[in-house]
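The structures considered in this document are given below.
Both of the next two complexes hold chain A, though its partner changes from chain B to chain C.
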Partner chain A sequence: MQSTRVLKRGVRPLLAASILALTLAAVPVGVNAQSEGLQGEIRFSWWGGQVRNEKTDKIIQLFEEKNPGVSVVRENADFAPYWERLTIQSTGNNQPCAITMQSRWMATYARPDILMPLDDLVANGTLDITGIPESVMNAARGADGNLYMIPHGVFYFALMYNEQMLENAVAAGVEPIEWPYTWTEYADHLRAIQPTLPEGAVATHNMGREPDAFVPWVQSHGEKVFDGSKVAFSRDVAIKWFNYWEALRNEGVTESPEGMISENSALVEESNLANGRGYTTNRPPNQLGSVQTVTDTVNPGATINTRPYPVGEDGTVGMDLGSNGIAIGANCTAEQLPATAAWINYWTQDPEAAGIYQSDNGVVAIPELAIAQAESPDTQPTQVRLIELYNEVVETAKPVLWPAGGYQAMTDVLNRSYDAVAFGQLSVEEGADMLISELQQQLDQAAPR
Partner chain B sequence: MATAKTYDPELLQAQRRRRETRRLLRGVGLHLLLIAILGVMLYPVIWMVFSAFRPEAEIFGDMGFIPTTWTLDNFIRGWQLYGNLTFTQFYINSFVLCALAIVGNLIACSMAAYAFARLEFRGKWFLFAIMLGTMMLPIHVQLIPQYIFFLNIGWVNTILPLIVPKFLAHDAFFIFLMVQFMRSLPSELEQAAVVDGASYWQRYWRIILPLSMPALATTAVFTFINTYNDFFSQLIYLTDTDRMTVPVALRLFLDPSGGASSFGGLFAMVLVSIGPVLGFFLASQRLLTKGIATQGFK
Partner chain C sequence: MSTVDASNNTVLTAAEAGRPVRVIPTNRTGSAFKKAENRAAYLFLLPWLAGIVLITALPMLASLYLSFTNYAVIGFPTWIGLDNYVRLFTSDRRFITSIWVTLKYVGFSVPLVLLFSLTIAAVLNRGLRGLAIYRSLFYVPSLIGASVGIGLLWKEVFGERGVVNDILGWFGIAGRGWINNPTFALPSVITLNVWTFGASMVIFLAALRQIPESYYEAASIDGANAWQRFRRITLPLITPVIFFNTVLLLINSFQSFTQAFVVSNGRGGPVDATLLYSLYLYQQAFQQLQMGYASAMAWILLIAIGLATALMFWSSRYWVFYGDR
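This part shows the complex of A and B:
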């Protein structure tokens, strides 16, 4: 963990400066909603596991203590069932007043009959967005231009790697690489590192079927992923993507097709990286802490770090940024609205709430709060690294505007098309055709009518 | 003239011994094979059982069975899910739901089954066919209309959508199961009751129902297991965390979206949650077997 400690000490001034710059660019609106004398019961829904639930419950308790007339009904679920339930609730206009929302899934719900457009509430000061960068706010808008959620956490995917494996490779003569590196340089780095790894380990997880890696690839090639609800990337860029991973697979630098599928679990505990069977993979950096914890038990002595995706040959950064925030259900009554707004303001703006949550679901969206977290002696080094990396990429990243059903469709079709290529059922050209045509078909089906 | 065939008793005895040895060896081999297959099948379960007693940090560090350090921490932390929510509340919620569902299914399905099996009325076979047809409707087709209906009458976030249909003979499978059983009962018993002046209700309550005990037990066991394990309906209709049931609460230990998961708590609570199903099954195993064996599922 030494390198992250060094980073924590050395990068702080840089971090503070970059965050200050972001603050200056932030939207200058900010009147806290009046919270005195609030009354009523509101429903709040969120997703997460035991740790996040504990933090959320603690924040709700504090809010209820400060607003004795308000009662927050808790509705939480695991990630996938959360969306299933919200969809069913929305069909009956029974969604909660305060709904945890994610930019990748928002398009499905971003309609005035499901979620309340929030621009007026922001304009009249009911909702406080002080300090939230404009780029992050823009990602909270629907296709109709309305603001549908107040972001509280920004998340992104990046590469995670085993520092000890890298150190061993460098000791064996492999050149380390410094970001920004291109996709070609990154592949060469992986090829060089493969012979230095322990037997059975691979240099990289096969990301051919991973949308979170495919998106940076597309955007770093100067193309858009979607244009509204249309597929916007070219057949050529999809063919190159499949060729990139097929070449690495055929050279033994990444997993076999079977290994690629078994490695696909989202659970940290099952990953090759945490278990010392892989040098690098792609994961959201907010998992750095849990990956390190698991690594400490199953592969003691190994340190996991994180770095950005490669850039295009011309230096174009392609990383996607997403945000988690809170939306208001369109069915929320006028009586419930003041308490709901006060709850959202408390969640997104209050330093005590942010201190409890500790960027659990994305880097806290307000830069001052991120500074406070990064500088707190109680903050884990992995959490500091999450905030640092965010600041490295935030200004050049390109948030994708996911159409309705887009993320799910991309995951499904990219999985199937690359699987077909890797298992030899389709050529890379046929795989690219399948990817584009079936993705478009699913987007058409999911498009709001 | 036919000659009498002679047998050497010693040779016969040796052949018999060889046959018995072969049978014994075959039996031992077969049992060893079955034990090996059982071991493979049970390995994850046994590993989970022991992992529930390991410190959280050691769970994925050791794939062996016996923990180096034994702890009950997972049970303590798991039981206290978060805040004021504990599994005590989830078990109460689940058991109340299961008990009412069993009562509802036993009463309503047996009455509907009696009507289909023993009574003659116009449109009986048409209605029976429709009832069977409902078994073939996927849950996803019914989900939204049902949800909107229950929402409009104010039943969402109560146990009513999960219980009231059971009292209205909603489970076609159990009606069908009991119809099959009741048809196999001798009609003379009921005819004798008719001669004695018994009403429909008396024939159902005093003759048919006591004789249908194996089918009722089967229905009770399957209703308990189905209700206890039902995740999706309970997720949809019981949204408030205070009303959560065991299967919904178990999902809250893991966070595939990137947050930290608690496998220790999960394994401990899964282990505890298996208890009621296993206990209920073992307690009613004899009736269950008899019920299934007499209902044409042989």
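This part shows the complex of A and C:
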């Protein structure tokens, strides 16, 4: 009896310790690390302006407070230089551990020597993807089928307009338009509104050189933008696009070609929309909050709203959807991985973090968090509108599969070809030919070998 | 044994002065001593040598190798022989455009900078009061002119709602977006470059101050007017400096990048109007990630600059006067 008691006394703690050890071993690495207290320094990179930087910094501070052993090195840049820097970092195997990634650019970097394939980390629970819809997750995979980022926001492109200008126009007898409106109806609306605008203002920014507007045009005409790494839209649809904007420009509904280029690169503070010199333009709706904030300063009393791109004559919706997420650099060490995974989990899953970020770079990918944000009295009205519009278009949108270098190439070649048309150096036909041939040339160069 | 120095002072030997005498070891031959001295020299040269090898020579050799490869930055280079060079000259329309834009830029920039800097230097050399202040004021743009900040400022000045149009507006002239217009964009960038004439001006000023006043006095006595004095005395005597400034400006202008990059948002637009060669090279390397192609462009640029400089040196024998010949 006593011996049994002794055995029990001796074995039980041993057994308990073994079970505890086994249990701990069975717990996924990331969770284990979090519970034990994470250590180390990781680098996190993202793109964006001041508002996004401040929000990101606040979230990082909260994360660092909760994980006192972790230090997050901030690396931010504007959108275009961000990718150039990432390319150079990738060449030198010096990319950050946590890299903000976008579906449009992912094809360039989605390879195991640049970004870490994340499937195993998801499978063993180190990375938490709870609540992220499968369709959104699928868009985060590379051509090799590997998962390369954990999406945190779904973005789309739309039009922004000045509500007061619209109200004045309606008061003057212009018919308001309700989505879904066709491209023709939209052009007629712009023509009708032009005479009601203040002197020097234009009804629309000339979007002839804007890829974000060209993509919905192509898709709403029933065509694909790319087929793998091949240009898939027709010469005819490109000619129609140039003709559409040339007609509006020649009628004085858009800016001059010089004004178009200036507006294309203008800061929000300098833009026609914010300053009451333009009724509508194309800007990502996730910028609605910052555009409204700037407008309140430079043109008090004006309200900026957002609405979808027009649809095709047969009602086809052509809007593109993309996702932003966080990838892990392939050079991230095993010691840095737990802290990196914990940071990604915090960024993508934590309601407090999502509440601070307020879908600043795309509608938060987890629908429950998006609903909570839309219903929260703390959420800015502009961000509520962003989520509402997303819900309107998400079912009918057509995500474009951008090939490696595709977005860069489209921006470059569409800019140059339409500029040449607008400045009278090429006919619309020659512009369309240039667009297709040079775009294909760049895609061929960028295609993975 | 004591000796006498140039000032007629007696100089004692170490032994006479009671200082320890340095004894040259008998087993060290002359060549061993020389070797030790050479070693010391190489040791002192090492930092420079390391820099030239690691930072200049090796990257140049790597670039030469890459110019014969297809190298998309991300991934490994694959050997394609002369394909990059062939493609540049046979099927790249923008490459030819960038050469043409660069030639226009160099062709206008270099003479205009020379003209401005020499004219201002000649004016400042007339013994103005507060010369140091003027010299500094004119020199400052050459220090900051190639910066991103000044590029951005220029963009605002020549923009649709910029200062230039405001001034034109006072005279009832409707302006335009100068830097966003294909006709005026390159002249705007050239104007910015000409504004940075200060460095050349300072060199000219130093050269002008070296010319003896007596030459001008003699010419004046002989009845030479101001233009004749400048044409017959000043200009010939400063031809070595004109040559020096021209070569420097030529090399810098061929490599000009920042100003065109900033005013065109890195695109070389509108319609490739500001697509300088270096900017196109940058686009190929860092925007389209064609590092092999960009390397080939870099070598062509190096050869072009080398040829232009060689041409300048060859021509110098006909127009540069060194005085001692």
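Quick notes
One rule holds in what follows: the second predicted complex is superposed on the first by the 404 of 449 C-alpha atoms of A that agree within 3 Å, B and C clash if a C-alpha of one lies under 4 Å from a C-alpha of the other, contacts with A are read in each partner's own complex, and residues count from 1 in each chain.
Definition applied: a contact is a pair of C-beta atoms (placed from the backbone, for glycine too) under 8 Å apart; a residue touches a chain by one contact, two chains touch by 3 or more.
Only a predicted model underlies this, so the values are computations on that prediction, with no experimental measurement involved.
By the touch criterion defined above, A:T91 reaches both chain B and chain C.
Within the superposed three-chain arrangement, the count of touched residues of chain A is higher for B, of the candidates chain B and chain C.
Looking at the shared chain after the overlay, A:P257 reaches chain C, while chain B stays out of its contact range. Looking at the shared chain after the overlay, A:V298 reaches chain B, while chain C stays out of its contact range. Of the two partner chains placed around the shared chain by superposition, chain C is the only one that A:R111 touches, whereas chain B remains out of contact. By the touch criterion defined above, A:G48 lies against chain B but remains apart from chain C after alignment on the C-alpha atoms of chain A. Of the two partner chains, neither chain B nor chain C is touched by A:D128. In the superposed model, A:E392 lies in contact with neither chain B nor chain C.
The contact surfaces that chain B and chain C form on chain A in the two complexes overlap at residues 80, 84, 88, 91. The residues of chain C lying in touch with chain A in their complex are 70, 72-75, 78, 159-160, 176-177, 180-182, 265-267, 269-272, 283, 286-290, 293.
Within the complex formed with chain C, the chain A residues making contact are 80, 84, 87-88, 90-91, 108-109, 111, 114, 256-259, 261-262, 265, 405, 408-409, 412, 415-416, 419-420, 423, 425, 442, 445-446, 448-449.
Residues 43, 45, 47-54, 57-58, 61, 73-81, 84-85, 88-89, 91-92, 94, 155, 266-269, 274-275, 283-284, 286-287, 289-290, 293-294, 296-298, 360-361 of chain A touch chain B in their complex. Those residues of chain B that touch chain A in the complex are listed here as 57-61, 81-83, 143-144, 147-148, 151-152, 156, 231-232, 235-236, 239-241, 248, 251-263, 265.
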